[in-house]
């Protein structure tokens, strides 16, 4: 069979029953649009979840008797642990300044102070994947054994909130996207299948007239690809329109929208996803052709 | 036409082409399931958004010279404003205790203190709908004019973050649900429509044999209602299974799931929604019957 | 029973029937004949209102079809039994249900339906095929199911379009006997056919169509 | 060309053909006749492999159908032109495309397709209907499109199932002339019909079926 003919045949079919095909295209577009749409909050939650551990830091209080050299040694011992991402030295003067600025409204407390009562300290940021209640406890026990460290401080409750929030958001997001995608893949498949169901008799006639399997399949695959591809493209246009309206227009009024990230490059694959869905739908819909 | 016959007719049709009808039912179930599923995070975000304003409070510092009576008078003047929800009196001693407990790790600061330098204060919680940057500014200006109040304190940045987060989440949630629902309604309609499209010839024959419009329509409506209703019921079962697995099983491991609320009563209407969708789909699919 | 006055029917500017005038009395049996494409089926379609004339007036069983309300069309059709040239059997139900459909539309009770449908199927020798679907029948069997469906409700007017095209001579003769019996009971019968054997020497009136023109009405 | 040896075909335990043995030589023109439901269509279906026999052996154009690989079935069918009793026209394409389909399946180029399709449609007097869809044709016109489709690819074997059921005597005679011409050019022709007029006095062999039994093979 010449490919131009299958192409013409599928176009004829597409436009010969334009309404019903348009309906399928729109159904698939709606389906893909919905998955993409729900991908936006999940993606953003994931971005937020990934950044959550950055909010966490440990404070290590140093012995007052340590000199510059001793402190460097402590820093080096700490840095040997692979969990450590960065260490910042905070002198007792800096610490007091920071405290004063956070207690801005209650600076009268410090009026009675004659000497700085704060110790020198180190702020340790851990690597993102090391921020997990057990790992942090182990690390802090190890660190406490280093000479010159008097006390280690970190919000245990804050840590476990951060950790479970991260795990929770990521798990939920994954489950949500998997179910959504499965649902929509099914909707697309079923749309194509129902569409081809009407063609049973046509396929039968094709067979009786001596058509090979390839001859019968090709136009259906092209048709499926076209329906899926159009659906995907429409959903892409929909997503862009939606992001434009919501994130550029609405962002003027509600500034929080400005910080919403849109995984645009991912969405660019929507037409391709549509084509794959359409072809797969057509292949399954046709089933194993038997003579 | 006797209703029992239309019923039998639609059942025959449903089971006569069980696979294709099952496909439609599953499509609708998948669609409704997805909308319901995405309703859960939106609903929870809405609950969170509604509670956000509770996190906000204003601190009003009182003149050191006021006695109990004066303070009561200030409280009463404040309470006259409809924005005020509750007022808590915080004595200077309490304030110091609170400060000490938040600064638990740096209590050495207070070692040099001989006298409590903090003033008495009032913590004001505003009504949820009054937590809006403009309203709060106006209110604080009004309050500042009350005798005995030396200073008013509230995090302006925190306030506007809370406010815009609330408005943003609610707006996004509403848009999201509207688009989702529109998409799925379309998917359901289109599924029913494609399904009935095959019956054009059957309808034509019915007409030629003298069937009235009611006779033609009734079985289609029953069929539509059945397909939609089954889809809705399946999606309800799916949602319950999903909540059970995620929120009861997973919650053991990831405690944050425990705080997820599921609008169960709302989901109970899913079968009804399905029936309505099915019937509407059938009505539109049949269109205006013409002889 | 049927009156055509100066009726013209065109499909996309191509005339299928031109200035046709004739009338058929209640209780008559009349044949329509003509070569392939001469307009026989179109004439029948005008009677059961599947097509509307472009010109002229038609009345059927006392109804003037032009003035008929849409809601009355089913009522008219319930007086008419039709043997469609293209059968119009429903493939998703069995033979019994295909025939019974006509009675269900008329709101008959289940017991009467069974009696009448089985009687009608027996008339065309297909009682044993009542559980088969149309696709599992031979061409001639399908045609006889269509005939059974057309006569089961005892219509006042029977329209048969090429009712013996798929039947052998003997079976066709049997069908003609049935039509004669029905006609004898008072039903007006109009048969479109190219098979001269059906009306030769019967003394029945024959409407002869030639490219959409009525060129003769005499018996053969 | 065709050989049946002791062939039996049952549908749900109901025998449609019983112990059929016969053979048709290349270049012959043979008729199959019998009353409605006697098994004519079933016999043709066994030849073009739409049905499989329950017993016995069939060979068509040198292929033993039992041993035929699935992928060879289309090759066999491309040697066969079929006039289906139920037409099997595709309603979503016009007459030209319905006929052309057979040639497209055979991968013919567009120019040859046009020439051949128009020639074939002219043969059955339907050149002027090439742009119509099947639904807008009269019964006889549809049947002639099916005949045009069956002969357009110049098959080595032509199977015609009740090819004149919807045609008047003159048009039917024209179709038989076409079949005779094709047969004269070497095509084997097998016609299933209940219309004795087609084979009376032609001297052609007639296979007579009665309730699935082959009861005679002589010319009439």
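Think of it as A, B, C and D in the order they're written, each chain with its own count starting at 1.
What we mean here is this: a contact is a pair of C-beta atoms (placed from the backbone, for glycine too) under 8 Å apart; a residue touches a chain by one contact, two chains touch by 3 or more.
Because the structure is a prediction, the values reported are computed rather than measured.
Listed here as common contacts of chain B and chain C: no chain. Ranked by distance of CA centroids from chain D, the top chain is B. Each chain gets a centre from the mean of its Cα atoms; for chain A and chain C, those two points are 68 Å apart. Taking the mean of the C-alpha atoms as each chain's centre, chain C and chain D sit 29 Å apart. Note on chain placement: the centre of chain A and the centre of chain D lie 62 Å apart, centres being C-alpha means.
For this pair, chain A with chain B, the centres built from the Cα atoms lie 22 Å apart. Touching of two or more other chains is recorded for no residue of chain B. The set of chain C residues that touch two or more partner chains is empty.
Chain contacts here close into one cycle, and each chain has exactly two touching partners. Under the contact rule stated at the top, the pairs of chains that touch are A-B, A-D, B-C, C-D.
Residue ranges on chain A touching chain B, taken from their complex, read 20, 23-24, 26-27, 30-31, 33-34, 37-38, 41, 59, 99, 103, 105-106, 108-115, 117-118, 153, 164-165, 167-169, 171-172, 175-176, 179-180, 182-184, 186-187, 190-191, 193-195, 197-198, 242, 246, 250, 254-257. Interface residues of chain C, counted against chain B in their complex, comprise 48-50, 70-71, 73-78, 80, 82, 84, 88, 90, 92-93, 97, 101-102, 104-107, 109, 149.
Residues of chain C touching chain D in their complex: 11, 33-37, 40-41, 85-86, 136-141, 144, 161-162, 165-171, 194, 196. Remark: chain A residues 1-2, 5, 12-13, 16-17, 202, 204-213, 215, 290-291 touch chain D in the complex.
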